[in-house]
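Next, two complexes with subunit A in common: one pairs it with subunit B, the other with subunit C.
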Partner chain A sequence: MKTLIRAGWTLWLPVLLVTIWWFASANSTNIYVPSLSRIVEVLWRDISSGLLIDAARVSLTNLAVGLLIAAAVGILLGLLIGETRRLRLILDPYIHFFRSVPQSALVPLIIGAMGIGAAPKIYTVAFACVWPILLNTIDGVRGVEPTIRSVSRVFGVPKLLYFRRVVLPGAMPQVVAGLRVALPIGIVVMVVSELFASNQGLGFYILNSSATFQIPETWGGALMVGVIGYIIVIMFSLFERRVLSWYFRSGAL
Partner chain B sequence: MTAPQSIHTGSLDVLGGEVLLDVSHVSMGYGDGEHEKRILEDLNLKVGHSEFVSIVGPSGVGKTTLLRGLSGLLPPKRGTVSVAGQTITGPHPDIAAVFQDYSRSLMPWMTTRENVAFPLQGQGVGRRERNRRAEESLEEVGLSGQGDKYPWEMSGGMQQRVAIARALAYHAKVLLMDEPFASVDAQTRFDLEDLVVNLREALGVTIVLVTHDVDEAIYLADRVIVIAEKPATVVDVIETGFGTVRDQVDTKADPRFQDARGRILTRLRKA
Partner chain C sequence: MTTTHTRAPSAETKAPRRSALLQRDWSLLAQRLGALGIILALWQAAVLTGLLPSITPTVPEVTLGLWTAVTSTSFWTALGQTLSAATAGWIISCVLGVFLGLLIGPLRWLDRSTSVTVEFGRAFPTIALMPVILLLLGATTSMQITMVVLSALWPVLVQSILGARRLDPGIADTVRIYRIPRLLWFRRVLLPSALPFVTTGVRIAASISILAAVGIEVLTQVPGIGRMITLAQEAQRWDLAFAYLFFAGLFGWTVTALLARAESSLLAWNRQASG
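What follows is the complex of A and B.
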C-alpha cells in the first residue's frame, strides 16, 4: 500500500503532462510540432520493425563499453592520485584543463582523427565520462578518515589490500556519486557522437529523420533517448543501494 | 619536595627482568632544521614484559606525537625505539595500537568480525584462522557472538571494545593506547578500564597508555610517567605498587592512590 501511494506521488505529474501534451497537440498543423499520437505511432512502427531496437542496441553498447572504460580508468587513476600527494600536484592542472573542455565540441575532431565505426564513439563517451568519476574518486580518497589510514599503517596492511579494502570502500560513496554524474553525460555524448559520420545508432536515427523532414521520427527518437536515460538512472539507483548499503544504513541510525 | 613514603619515585628503567620496549633518547618534532618545532625532548623509557605504563600529561603536551613515535607512524628526530631488542623503522608486527576515537578507527563498511580480522589478512593468515582469532578476541573483550554486527550498530563503549579486540587479535607484544577512553561516558569508562586491567592480568600483554586523566593513569598503571613543559620532558615517575588487581572503589580510596594523585596534580599545576 505504501509503495502504491509513493508510486502515485511520483507518477501523477508525468501522466498529467503527457495527457495535456496528447490533447494539446492533437490538432497541430505545425510540421515541427506533430501530434503526440503521430509520434507514438511512428515510434511504435519503428520499434516493431526492429529499426529502433537495433539503433538502441548499437548506442547502448557504445555507451556501456565507454562507461566501463571511464569507470575503470577514473577509479584506478583516482585512487592513485588521491593517495599520492606528488601525483596530485603534478596532474591537477591537466585534469582541470581537460575536464573544462566541452566534450561535445571534441566529437568532430575525435571522429576526424579516428574515423568512423564504434571505436571513436566509445572513446568519446569514455573521455567525457572519465572526468567526473576521476575527480569524485580523488575527493573520496582524500576524505578517507585519517585515523583509518593510521590504523592500516600501524597494522602493516599491505598496499594492495589497503587499496582494495580500505581506500576503495572508503571512497565508494563519492565514486558512486561520480558515476551518477557521468551517466547523463554519457547518454548525451553517445547521441552526439552518432550525429557525425555515422550510419547507425539512436543519434543517427534522430539526425537522419530530421534531415529528411520526418519530424515525428525525430521527436520519437528524442523521446526514446529520454526514456532510456530514465530507466538507466533507476537501474543505477538500485545498484547504488546495493553497493553502498552500509553507507545508507549507518547514516540512517 | 620529598615524596610521601607510601608511594615510590619510580625509575625510567624496568624493575627487573627483560626489557621489551626500549625508548632511548627519543626527540620528536615537526619540520626540519631551523623551522623544526620540537615537541618532545630526549625521552628515555624502558618497559618490561607484562608491565602497564601510563604516560600522563596536560592536553597538547605531545602525548599523541609520542605515541606516533612509539608506533612507528612518525620517525623520531633523534634517538631510537626498539621492541624485543629490534630497532623499529616503521610500523612493527610486535606493536599494536588502540586509537582515541573509536568511531573513526573502525571501518564502517566492515562487520565487527571483519574489522578485527582485517589486520591478520595483511599478515597472510588464512580466512578460517583469521575468523577464529577474531572470534576469540571478541570473546576476550566481552563481545562474543556480536561479530556480524556493524560498528555503527553498537554503542561507543562496545565500539572501543572492538578496537581493543582488533589489537589483541594481532598478537602484538606491546599494546599502545592513545586516550582510549576519552570519548565515552563515565560508567563505560570504568568498565573499559577494568576490562583492560583484566586483559593485562589474563593475557599478560604489555601496555603503554597515554592519557590526560591523572586518575586513570594512576588507577591502571604500574608506573606513571608524568610529562610536561615545552618541549615535553619527563618531570616525574611514580610507582603505584598496586599489583595486577584493581577495584574502582578500593583502589581509588587507597592512600597510595591519593598520594600519587596529589603529587601529580601539584606537579602539573607547576608546569
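What follows is the complex of A and C.
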C-alpha cells in the first residue's frame, strides 16, 4: 500500500502530461504536429517489423564501442598523468582545452575526413568522451590518501600491483563520475553524427523520415532516442550504485 | 549530478619564496611550450607519413588558416552569432531553471511529484528533437535558442532543486517561528543556501549552451561558427575547418575559465564558512 501511494505521488504528473498531449493532439490539423496516437501507432509498426530495433542496435553498438575506447584510453592515461606530478602540470592546459572544444563541432571534420561508415562515428564518440573521463581519473588519482601512497612505497609494493590495487580503487568513485559525465555527451554526439550523415541507425531513421515528410516517424524516432537515452542513464546509475556500494556505505559523500 | 568532476583543486603549492616561485613558473611555461612543440611535431609527422587521412592539413597550413580566419569579418560575424544565440538560450535557461528549482525544491510534495519528469527531461538527449523543432520553427535563430533552452535548462533546474532541498531544517523552523516574510526568506535564506549548487548548474548550462548552439549550426542552415565548419568541410578547406574548430575550442575554454573564476569569487564566503 505504501509503495502504491509513493508510486502514485511520483507518477501522476508524467501520466497527466502524456494524457494532455494525447487528447490535445488528437484532432491536430497541423501536419507538423501529428496526434500522439498516430505516433505511437507508427512506432509500434516499425518496432515490431524490426526496423527500429536494427537501427537502435547499430547506434548503440557505435556508442558502446566509442565509450569503451574512451574509457580505456582515459583511465590508463589518467592513472599515468595523475601519478606523475610534472606531467600533470605540463599537460593540464591542453587537456582543459580539448575538454572545452564543443564536441558537436568535431562531427563534420571527422565524418568529412573518414566517410559515413561506423568507424568515424565511433572515433567521434571516443574523442568527445575521453576528456571528462581523463580529467576525472586524474582528479581521483590525486585524491588518493598520501599516507596510503607512502605506505605502499615503504613496503615496496610492485608498480603494477600498486596501480591495480591501490590507485585504481582509490580513484574509482571519480572515474565512475567521469563515465557518468561522458555518457550523455556520448549519446548526443552519436545522435549528431547520425543526423549529420549516415545510412543506418536511429539518427538516420529520424533524418530520412523528416526528409521524406513522414512526420509521425520523425516524432517517433525522436521519442525512441529519448527513451533509450533515459533508460541508459537510469541503468548506469544502478550500475554505479552497485560498483561503488562500498563507497556509498562508507558515507564519504 | 555532474558536480563531482569540477571539484576545486586542493591547495597544493606550499607558498615557497617569491623568487623560487617565479622561476618555477617560467620553467613550467617553457616545459608546456615544449610539450606543445612535441604535440605539433607528432601531428606534422603523422600527416607527412600518411598515418592520418590524407586530407588532414599540416601544421603550417592550419597556422595560415588561423590567420585567415582572424582577419576575415565573416569569422567574427559567425562567432558573434553563435555567442548571442548561446547566451540568449543560456540566460533563459538560468532564469527559468532557478525559478522553477527554488519553487519545487522546498516543497516536498511538489519535489516528489516532479522528480520523474525532471529526471526524464535531464536524461533525454534533446538534440534528437532537433528535426521536429526544425519542422515547426524552420532554420531560424529562434529555433536555435529553443533548442539551447531545451538542452541547458535541466542542469540548472536539477541543481537548483538540490540546493533548495538542502535547506537546514533548523533554519526552516526558525524562519517559520519568527514569521519571516516570504520575500525576505527567499532572498536572504533560500537563495544564499542554494547558491553553491545553483552556480554549478549555471556553469554546466553554459558549456551545454555552447555545445547545443554549435551542434544546431553544424546540422542545419543556421549561421554561426558551427555552420562555418560545415561549409569549410564541404568546400574542402580543411585548413579553415581546423582553424574554426580551434577557435570554437578556445571560445569554450574562455567561457569555462571565466565562469569558474566568477563562481569562486562569488562563493568565497561559502568556502571560508565550510573550511
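Throughout what follows, the second predicted complex is superposed on the first by the 241 of 253 C-alpha atoms of A that agree within 3 Å, B and C clash if a C-alpha of one lies under 4 Å from a C-alpha of the other, contacts with A are read in each partner's own complex, and residues count from 1 in each chain.
The criterion applied here is as follows: contacts are C-beta pairs under 8 Å (C-beta built on N, C-alpha and C of every residue); 3 or more make two chains touch, one makes a residue touch a chain.
All values reported here derive from a predicted model rather than from experimental measurement.
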Clash or fit (per the criteria above) of subunit B with subunit C on subunit A: fit
Partner chain in contact with A:R241 - subunit B first, subunit C second, else both or neither: neither
Contacts of A:V101 with subunit B and subunit C, given as first, second, both or neither: second
Touched partner set for A:R164, first subunit B, second subunit C, both or neither: neither
Touching partner for A:G156 - first (subunit B), second (subunit C), both, neither: first
Most subunit A residues touched (candidates subunit B, subunit C): C
Partner chain(s) touched by A:I206 [first = subunit B, second = subunit C, both, neither]: second
First, second, both or neither for A:G226, with subunit B first and subunit C second: second
After fitting on chain A: smallest Cα gap, subunit B-subunit C, Å: 8
Parts of subunit A lying in touch with subunit C, wherever the complex brings them together: 6, 9-14, 17, 32-33, 86, 89-91, 93-94, 96-98, 100-109, 112-114, 132, 135-136, 139, 142-143, 173-174, 177-178, 180-181, 184, 187-188, 191-192, 195-196, 202-203, 206-207, 210, 215, 218-219, 221-222, 225-226, 229-230, 232-234
Partner subunit B, residues of subunit A touching it in the complex: 145-148, 150-151, 153-158, 161-162, 165-166, 169-170, 172, 246-247, 249-250, 253
Subunit A-facing residues of subunit B, complex: 71-73, 91-93, 95-97, 99, 101, 104-105, 107-110, 118-119, 121-123, 150, 152-153, 166, 170
Complex interface listing, subunit C residues touching subunit A: 2, 4-5, 7, 10, 28, 31-32, 34-36, 39, 53, 55-56, 109, 112-117, 119-120, 122-125, 127-132, 134-136, 207, 210-212, 214-215, 218-219, 225-226, 229-230, 233-234, 238, 241-242, 244-245, 248-250, 252-253, 255-256
